[in-house]
């Protein structure tokens, strides 16, 4: 499948914002299931864009704007060829030893409720892959995949208590539960091609868990499936914080309005253009360190 | 099990003060160790009123200079003075020589350990320390992997807590490798002693500690990145005046002659750190930061930190600025890692450790766990980093119920804990309400590791548990401080 | 020097100066209201004008039902809700001082710290007029002690120059505010009224800037409204006149520029205003409108303040 992505993040500031710095984890790498044909990141204001790699092996662009800006758009466009691997991730160069992914992280701490849920979900099963499938089904069933009450900084425990969340939240619940079961697991940020609509309000999020003898396997708790060729993998981390598409900072600028537009379609299909323009808006006050872009 | 504490003045190894009252009788004057002989005479011959006057003068001095330790919050009334005891704690030249060699060896090993776990990880491959202990530790910072820190040093300022249990028995209790504090007390305590008791200094040859700020500045300057000017700009980064150690930050900045900056004074541009000055942006080469890793850069660590500088890590990783201490040194003062220090010292220095660890049971090991569970009443059980806030247990002071409850927690998550015997810290004569009495002390010397050299000012901070029988020297729990004398011959 | 340090020094001085100004305003109102009505005392009128001179009327309204001695005294002297009350000024000054303690001499720190600690003994008490007058004297003494300690103990470097800038900008603003509130009593047509009321208003203005004696030394004649304006606006010898404040601003901005080897908008703006004040006569000011002149001055002074912040303190 050839997935085509347009991802625009538009910032508007009440008054000119200075010292804009953003860390962008918006660039995918190749692996056996995906090949990046073309990819571009274009900020609409002048500044320096430098590329590096973080400790997980993600590609990070650090963008710093030169002057004071009233508005800025980060526009990402690209095309990626993907293939069906039934969730098994191959051809990824692993930067970190497996036990690292057992480390507890801020957004994915298992509270008593998640621990009990995890134990019950896997039951008496002893096969590692089977346990993960049971957990996948359990999370998919227990937590409604629905936008609404959760935000970019909702924790696993909070989302689990609400029994409701976006892709990010379901991923966090899965991660917290899997780590409780001593399974190395990580958060994946990316894009998901939906058959019904190209326009989306955000990118998507899922998880990868380490299965003995098999390697890393991708699970999408939001859809209750192993990852498919419709999943375009961009960045990984212990949780959302490590893989967040944008982490930014500025001085001044007053209230910020952020609008996100994501369009994911199949470059080969004659996709019927959707009329409804998907867009998510959020507002942030003052000298914020931006972390507002949740993953649907 | 009665603890047998070593008294540093009398040299007597005796049963510590019982909980019911003071020890039966003081030692006779004949039983005084040589290092304390002149002090003992001074204590015996000086009229008590003289001490009273001097003690209130000392307190006045500390209040005037404002050396307070703030309990978190804005309120004035939360500023407290740490009690100062006018009787110095004395170490002989040979004792110090031993400690100094041990400290150098230990800090050298700490730096080599950090370089290794952020680099080739030989010590993990060699089975010296289990990998998951490192990888699962929140203080092990991914950002530091395969990053060559300027001049290869990580822990530039270390505070090694040492306790003594006998004539020749010194143990390291803790390696403070993040942002150790307390050095201002070492300097101010000496200052006040010199003012109040000049006559004592004519009877003793006390090694000076006043060179500490110079040594610190020399260390910091030596760490400047290669790209820095010949006269590098050094700053001290503080969380601000509401921080409990703010007095120390401003005191040190003043003594070093460097700017005391807050996060808002710094900004980054194209991976270079600048400070805002009245003459425009000025490039910063070395940051002596007194802010924890978690708060340094909201773009990399905690996004809600307002104490940090956005882009600082990126600048640091580009090599344009040195952070002292380096990021990620917290792994070296983790309690679980501590228990491996003897092996770490041997592995990296090829020598036997000079300073010993307090014997430590790692509850992650099966045999150790069953021993600990069987002996909870006699042990101190401590939580290792990042295991979720279960607290600690001091066996001899705990109730039966507390011990049982803790035992359950321990069985549930043994990896999160280590256990140590309750140590009888040595005692020193100390002024208390009823006169002079022995009180338990520890010692925190400060070890400076520059690009070129390791510097240690002879002495350190002696903390004293003022409550009778107490082994807790922390200022938040009734601890005080003393001047620490290293005799020069 | 760190911009934040300079900023703290600048605002420390501004707030210490403002505390003194508010004390003077209150002192003058107290004096007027103590007089019998037919002798110039007009009750609420004086308190209203004190309120107007000290600014922040918009903060006063929602807090109090009416304007009278009691409410104005409380608002201007002790209210924590008024950022320019004497209490708030001393508190803000001390907070700024605390942040830059190592940049202050111990004398300066003690002056402001002790003032703040002593302030508590005045708070929450119902004071008689006499007690209140003593309190105001104490406040004026605090500013004198602080200013004196700075003058006598600080090194003459940029740190000192920024404290001078703070004082001068604040003082110029304060004098201009008094003129803005009282300009009508200085206008020629009111001279015809010439009653005791006006006389007291004029002397009140002079008292508010500690210039009653100075007036007689300078002009050696009875009090004339245009001469009061001349003294407060154009006379360079008069320490609180606009011209004197600008002389101080130009001098200290020049020193900073020389030390840093760079001039900027602050220097240009300050010099421009000083030249304008030098060229003007009081007749010309009256001819083109005293009120308009003062309004324009206040705006210009704010612009200079903003330029200093932008150039050095931001």
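Order of writing sets the labels: A, B and C. Residues in every chain begin at 1.
In this text, a contact is a pair of C-beta atoms (placed from the backbone, for glycine too) under 8 Å apart; a residue touches a chain by one contact, two chains touch by 3 or more.
Treat the numbers as computed from the prediction; the structure is a model and nothing was measured.
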**Core chain by centroid distance, with centroids computed from Cα atoms only** = B
**Fill in**
Greatest number of touching C-beta pairs links chains A-B
**Fill in**
Separation of the C-alpha centres, subunit A versus subunit C, in whole Å, is 58
**Message:** For subunit A versus subunit B, what separation do you get between their C-alpha means, in angstrom?
**Reply:** 41
**Message:** Just the number, please: Cα centre separation of subunit B and subunit C in whole Å.
**Reply:** 51
**Prompt:** Which of the residues in subunit C come into contact with subunit B in the complex?
**Reply:** 1-6, 98-99, 101-102, 158, 162, 256, 260, 262, 312-314
**Message:** For the complex, give me every residue of subunit A touching subunit B.
**Reply:** 19, 21, 23, 48, 50, 52, 54-56, 62, 64, 95-97, 99-100, 102-104, 153, 241, 247-249, 251, 289, 291
**Message:** Could you list, by residue number, the parts of subunit B that touch subunit C in their complex?
**Reply:** 66, 241, 250, 253-254, 259-262, 264-265, 275-279
**Complete:** So, in the complex, the side of subunit B touching subunit A is made of residues 131-132, 135-138, 141-143, 145, 267-271, 298-300, 303-305, 310-311, 314, 317, 386, 388
